[in-house]
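Chains here go by letter, A, B, C and D, matching the order in which they are written, and residues are numbered from 1 within each.
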Amino acid sequence: MTQLLNLFDYEQAAQEVMAAGAYAYYAGGVTDNITLRDNRAAFERIRLRPRMLMGIDAVSLETTIQGEQMAMPVMIAPTAVNRLAHPEAELGVARAAQGAGITQVLSTFSTTAVEDVVAAGHRTWFQLYMAYNREIVERMLERAESADCSAIVLTVDLPVAGLRENLNRVGFTFPDVLARPHIDEFGIDLSGGWGVFVRDHTKHNLSWDDVRWLQEQTRLPVWLKGILRDDDARRAVDAGVQGIIVSNHGGRQLDTAIATIDALPAIADAVGDQIEILMDGGVRRGVDVVKALALGAQAVLIGRPPLWGLAVGGGAGVAHVLEMLRFEIENALYLCGCATIADVDRSLVC
Amino acid sequence: MTQLLNLFDYEQAAQEVMAAGAYAYYAGGVTDNITLRDNRAAFERIRLRPRMLMGIDAVSLETTIQGEQMAMPVMIAPTAVNRLAHPEAELGVARAAQGAGITQVLSTFSTTAVEDVVAAGHRTWFQLYMAYNREIVERMLERAESADCSAIVLTVDLPVAGLRENLNRVGFTFPDVLARPHIDEFGIDLSGGWGVFVRDHTKHNLSWDDVRWLQEQTRLPVWLKGILRDDDARRAVDAGVQGIIVSNHGGRQLDTAIATIDALPAIADAVGDQIEILMDGGVRRGVDVVKALALGAQAVLIGRPPLWGLAVGGGAGVAHVLEMLRFEIENALYLCGCATIADVDRSLVC
Amino acid sequence: MTQLLNLFDYEQAAQEVMAAGAYAYYAGGVTDNITLRDNRAAFERIRLRPRMLMGIDAVSLETTIQGEQMAMPVMIAPTAVNRLAHPEAELGVARAAQGAGITQVLSTFSTTAVEDVVAAGHRTWFQLYMAYNREIVERMLERAESADCSAIVLTVDLPVAGLRENLNRVGFTFPDVLARPHIDEFGIDLSGGWGVFVRDHTKHNLSWDDVRWLQEQTRLPVWLKGILRDDDARRAVDAGVQGIIVSNHGGRQLDTAIATIDALPAIADAVGDQIEILMDGGVRRGVDVVKALALGAQAVLIGRPPLWGLAVGGGAGVAHVLEMLRFEIENALYLCGCATIADVDRSLVC
Amino acid sequence: MTQLLNLFDYEQAAQEVMAAGAYAYYAGGVTDNITLRDNRAAFERIRLRPRMLMGIDAVSLETTIQGEQMAMPVMIAPTAVNRLAHPEAELGVARAAQGAGITQVLSTFSTTAVEDVVAAGHRTWFQLYMAYNREIVERMLERAESADCSAIVLTVDLPVAGLRENLNRVGFTFPDVLARPHIDEFGIDLSGGWGVFVRDHTKHNLSWDDVRWLQEQTRLPVWLKGILRDDDARRAVDAGVQGIIVSNHGGRQLDTAIATIDALPAIADAVGDQIEILMDGGVRRGVDVVKALALGAQAVLIGRPPLWGLAVGGGAGVAHVLEMLRFEIENALYLCGCATIADVDRSLVC
C-alpha cells in the first residue's frame, strides 16, 4: 500500500480496498462531473497571501458553532450508508470525531442508530430529508432530540435526485443486507434505489414554509444545507434558522452548479454578520480550510475523506484522516501568521 | 454497445454504426473546429446558481413560440439528408417530435417530402436556402404553406459554403441514391457536392431586401437563422421578422465565430423584448437549455443529437434522445428552483 | 503524402521532405518557444462576430499599400536562404507572388539576386539588416533601387541574435554551398553561423538616427519591421517612415515577447491614421487575416508558409499556398459580410 | 549527456547524477506543489513589450545593492547542505560567484564554514534562522561579522516547517556524514530531520520585536526573506531593515502561496522608494530577470540552479550556470532596448 500522507492518498487506498460499486457511490458526482471537479479546482485557483513575523506562541484551532465548542473548524458531513465502507460504519466515525473533538452530522441514511452514534461521539447533529409523511419527520425529530443530538440539518437541495449516471454504469444499488435504522422503522422499501426513494419519500416541493414548520416541531436549532445564493441566504435569515451550509451536495445534484468556495464570498458578504455559515465541497487540505475561513465560513464539513478513512482502517482510519487534516490546518495557520481561527481574514486570499 | 444514458453516448454509438463519411458529414465543423468545440466549451464554462426551497409541486416545460404551444423549449434544428443516418429519415424524426410535442424544422435538403413530415409530426417549420431562381423559392414556399408548415426559417449565414476540410479528407459526397424531394423537383444536379450546390444555387448576395421580399411572398412567419450580432438582431426587428435564431451553423460555416451561448446575452439585451429569440449550437444537456433560457433564448434547437438517435435506433432512437433531454431539463429546473420556463432568469447563471 | 488542404498540412509535408536542420532553422523559435506558440494561440483566442445579409455580390481582396495595388492583403515576409528549401528558392517564391499579384519582401539573406527576383515577381521590397559598414548599406540600397524594388524594410528587432537553442541541438549551420549574393559580394564569412554574423556585421546599436540616415540615403519608402509598442510606433511617425510592421520576428528573437496580434490594437489606436501598418506572426488561416485587418493592420505578411510550399513543390507549392490562403480570406470575408478589405472593422472581433 | 544549453538542461542533468533523495530534497516543494509550479508559470504568463532602436552601444548588467556593486542583478539564494550535490559544496559556489562578481547568501545550514566561503567568494551574506537560544544567534552573528559577511538575511517564513511530503515518500534524511559547521558547533542533533530541527531549534514565534532585537545585535544590515504582502513590506520599512526579499521559500513552505512575481508589484508600489527589494522563486531565464526588474525588484536570487550546476560539474558547473544566465540577461536587455538595469521600467511587461 502506498504511504498515507494526505487525504488524497486515502482516497486512492480506499479505491483499492472497496467494491467498485461502493466506491463509485461515494466518489461520483452527476452527469459530466463538472461541479465535482470544480469544487476542488476552485480551491486550487485561490492564492494565499501569508503574514509573517506575527510572533505566534501557539496556534489554537478551537472555534464555536451555535455556542458549541469544537476542537477545530471541521465537521463530519452527513453521508449515507457508511457500512458500505466498513463494518464500524458511523460508529467508527463517531469515535474518531470524539477523539478529534468535532461534531458529526449523522445522515438520515445512517446504517447505525443515532442513539449509538451520540453515545460514542463528541457531538452529533442529525441530517434530515423532509419526508412527505410528516409523522415520519416528527418521529425522526423526536428520536434525534431524545438521543441528544444538538442540531437538525435540513438538506434543501434535493427536490429531486441528481443524475448519478455513474451508478447506472456500474449497476450500483443499495445492498439489501444493510440496515438503515432511521428508514427501516417506517417500512420504506429501498429496492428501487436512491432515485426512487427520493421520488417516493422525500418532499419534492420543499419550501420556506416547511422550514418554518420544521422549526416549530423541534427545540433544536435548524440548519439549511445546500444554499448557494446570497438571496437564499437572506431568506434563511428571515426564516430565523441557526445557520446555513453552503453546499452543492458534493457535486452530486446539479452539474455545473457553482463551486462552493466560489459561492461563499457573496453569501458571507450578505449575511455573515446575521447567521452562522458553514461550507462543504472539495476540502482536502489544511490550506482549503484557511481559504474557506478567509472567505467567510466559520467551519467546513468533509464528506468523502472520512469515508476513505473508514474504508481503509475503520474508525482508526477516520481518526488518522482527522489528525492529518488537523495537522495541516495548524501548519497553514502558523505559516499564514494566524494564532486563532478569528485571525483569518479576507486579505489572506487573492 | 455502451449504455445509452445521455446524448454523448448516442453520438458514440452512432459513430459505431454509421459509415465514416456520413458520420463525418454530420459531426464535423470547418477547418480547425474551433467554433465547433467552443459552442460546447462555452456551455461548460457557465455556472449555475440554483435557488432552493421554491416549493415546486410540478415542473412544466411548456412554452409558446410564435403563439404555438410546445411541450418543451426544444426544437429539432434543420439538418440535411437524414436518410444518411437511417431509412426512417425525417419521418422518424417527425414521429419522435410528435411524441415529444415539439416542432421540427425541416431542411430544404430533406430526404423526405414535407407533406409526409407534416402529416407525421407535431408541428413543422420549413428551412429555406434562398435560391437564385426566385421561382424555386416561390414554389418551395407554396409547397411549405400547402403542407401546413407554420413558419419559414431562412438560413442567413451561408453566402458561401464553409470550409469542410474533414469532408475532403474522408472523400464524402452525397450518395446519388438519396432522393431530396425539395431539390430534385427542380432538376438540380448535386453530384458536385455541397460546396458546388451552394455556389451554383443558393443566393450568395442575400440581403435584408431579400428578407423583405420573402416576407411578401408568404403568409407564414419568417425566422432568420444565423444571427450572431446585436446590431443584426436590431435590423431583424426593423425588418419585421417573427424571430431570430442565434446560430453559427453548428460550427460549420465560419471557424472562430463566437460561440452561440456567448453571443446570446448581448442580442437578448438588445431585442429580447421586441422579437422572439431561439438559439442552437452545442446543446447536449438539460442544464444547457436552462442556461440558454437564462441568457435570453425562448427555446433551443438541437441538430446533431436527433441524427445520432436516428442512426442508432431510427425514430425510436430520436424519441429516446428527446426523452432523455426532456428528463434532464425537468431535473435541472427542479434543482434550480424553477417551476416553469418563465421562472428562469439571468441571475441563475454566472 | 497527406492531402494538402491548408497551410498546416504544408508544414507537415515540408517537415517530411526537408533535412532536419533546415526544417529546424525555419520552424524554430527561441529558447522556450513561448512567443512562437503564442503568436498562433492569440489568433485562435480571438472570436469573430460576423455580419449577415450584407448582399455582397462579389468580394474584392484588393488593397493598396504605399500606393501600390495588391491583389490581396498578404505579402511574403522576408526569410533567409530559401534555397535550403528548394532549388527554385526566392525565384520560385517570386513567380508564385507574381501569380498571386502580391508583394514579396526579399531578405538580405536571399540566395537569389534581387535583380532576378524583381524580374520574376509582382513587386519586390528589399529587407535590410543595417551593417556596421555604411558602404555596404549604401551598396545594398543602390542595388535595390536599381533593381526596381519599391521599398526598403529595415529590420529593427535584431540588435543581437535571439537564442536559437534548437539550432544548437540539431547542429545547424548555413551550408557553404549556398550563394548569398547580397552578402557574398562583400566577402563576408558566414562559417561562424547566424549569431556570429549578427554580432560581427549587423549594427547592434541601431537607433532612430540610423533610421533618419537611411531615409536620406534612399529615394525608396522605408518601413520598420519589428515594432511592438505604441510609443515606438509614435516615434516611427515622428521619423517620417512610410510604415511599420508589427512583428516579433516570428518568435525568433525575444521569447515571451507579446504576440503580434495582441500588440496590434494599441499600435493601431495610436498611429493608425498617420502611418501604414502591417503585421506578421502566426498567420495561417483566412480568418487570421480578417482579424489582423479588424485590429488595425492593412495587410499581413507570411513567412514560414511560403517556405513550406517551396519545400514541398517549389514555386508551384508556394502558388498553392497563396491560392489556399486567398480562397480562405475570400471565404472569411463573405461569411463576415465584408465585400472589401475596407469593410472589415473592429466590431468584427471580440 | 544532453547538451547543457540552459538552466533547465542543468536540472535534468543533475537529476541523472544525483541520488534520488538528494535530488528530491532540492527539487521538491510542499504537498501538491502548486506554488512551486506557479512560481515558474507566473513568469511564463507575463509578456514583454520590447523597445526598439535605442542605439545601445553596450549593455551593462552592473547594479548596486546596499551600496555594494554587483556584476549582475543576480545573487545566490541560501540553500542548505550543498555538499549533498558535490564535494566542492558552498566553496565551489563561492568560487563561481566570485568569478561572476555576484553575492552569495550562505545558509545557516551550510556544509562549509563561512570563513572559507567569504575567502573564496565575491561577497557573502549570512542567512539566519532565528534560534530559540539567543546565545546561538549572537554567536552566529559574531562569526558572520568576523568573517566579513556584509549582511544578515533573516528568514521570516519558517515559524514551522512546510509539509515536505515528497521527502517522506523517498525517505530522505540528512546524511550523518555531512558536517554543518554553523549548526554542529552548538551540538545540535539533526538525526530527527528537518522538521524536528525546525520545531526544536528555530524560534517559531518570530516577531517584529525579534527583528528589532536582531538589528541591535549586529552592525550588519539586516534583510527579511519571505515577505509576500505589501502591509508586511510597510512594517519592514517601519522596522528599519535594509531590505526585503519577496520569497515563498521556493514553494517549500505554504502551498498555494502567491507566486513571488505576482506578489512583487504591489510590494514595489508600496515601499519601492523606501527600501531595497529583491525576489526569488522560479527564475530560470534571462527574461525572468528582466520581468522581475520591471515589476520592482532590484535583483533576483537563484536557489536551485546553482545546485544543479554544482551537482553536474562542481564549482565549474555553477560558473557555467551563471555565465548562461548572464548571457541570457544581456541578450534580453539588448532585445528590450535597455542599456542598463535602470532602463528597465514597468512598461516593458504586460
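In this text, a contact is a pair of C-beta atoms (placed from the backbone, for glycine too) under 8 Å apart; a residue touches a chain by one contact, two chains touch by 3 or more.
A quick note: this is a predicted structure, and the numbers were derived from the prediction, not measured.
A.B. asks: Just to be sure I understand the contacts, which chains border both subunit D and subunit A?
C.D. replies: none
A.B. asks: Find the chain most remote from subunit A, comparing centres computed as mean CA coordinates.
C.D. replies: So the farthest one, by centre of C-alpha atoms, is C.
A.B. asks: Quick one: compare the interface residues of subunit C with those of subunit D and tell me same or different, with half as the dividing line.
C.D. replies: Copies use mostly different positions to touch.
A.B. asks: I'd like to verify one number: the distance from the centre of subunit B to the centre of subunit D, where each centre is the average of its C-alpha atoms, in whole angstrom.
C.D. replies: The mean C-alpha positions of subunit B and subunit D differ by 60 Å.
A.B. asks: Which whole number of Å gives the spacing of the CA centres of subunit A and subunit B?
C.D. replies: Averaging C-alpha atoms per chain gives centres 42 Å apart.
A.B. asks: Name the residues of subunit C that each touch 2 or more other chains.
C.D. replies: Expected reply: no residues.
A.B. asks: Quick check of your reading of the touch definition: is the inter-chain graph here a line, ring, star, complete or other?
C.D. replies: Looks like a ring, each chain touching just two neighbours.
A.B. asks: Show me the residue ranges of subunit B that touch subunit A in the complex, using the header's touch definition.
C.D. replies: It comes out as residues 3, 5-6, 44, 46-57, 285, 287, 291, 328, 331-332, 334-337, 347, 350.
A.B. asks: Please output the residues of subunit C touching subunit D within their complex, sorted ascending.
C.D. replies: 31-32, 34, 38, 156-157, 159-160, 162-163, 165, 168-169, 204-211, 224, 226-229, 231-232, 235, 253-259, 262-263
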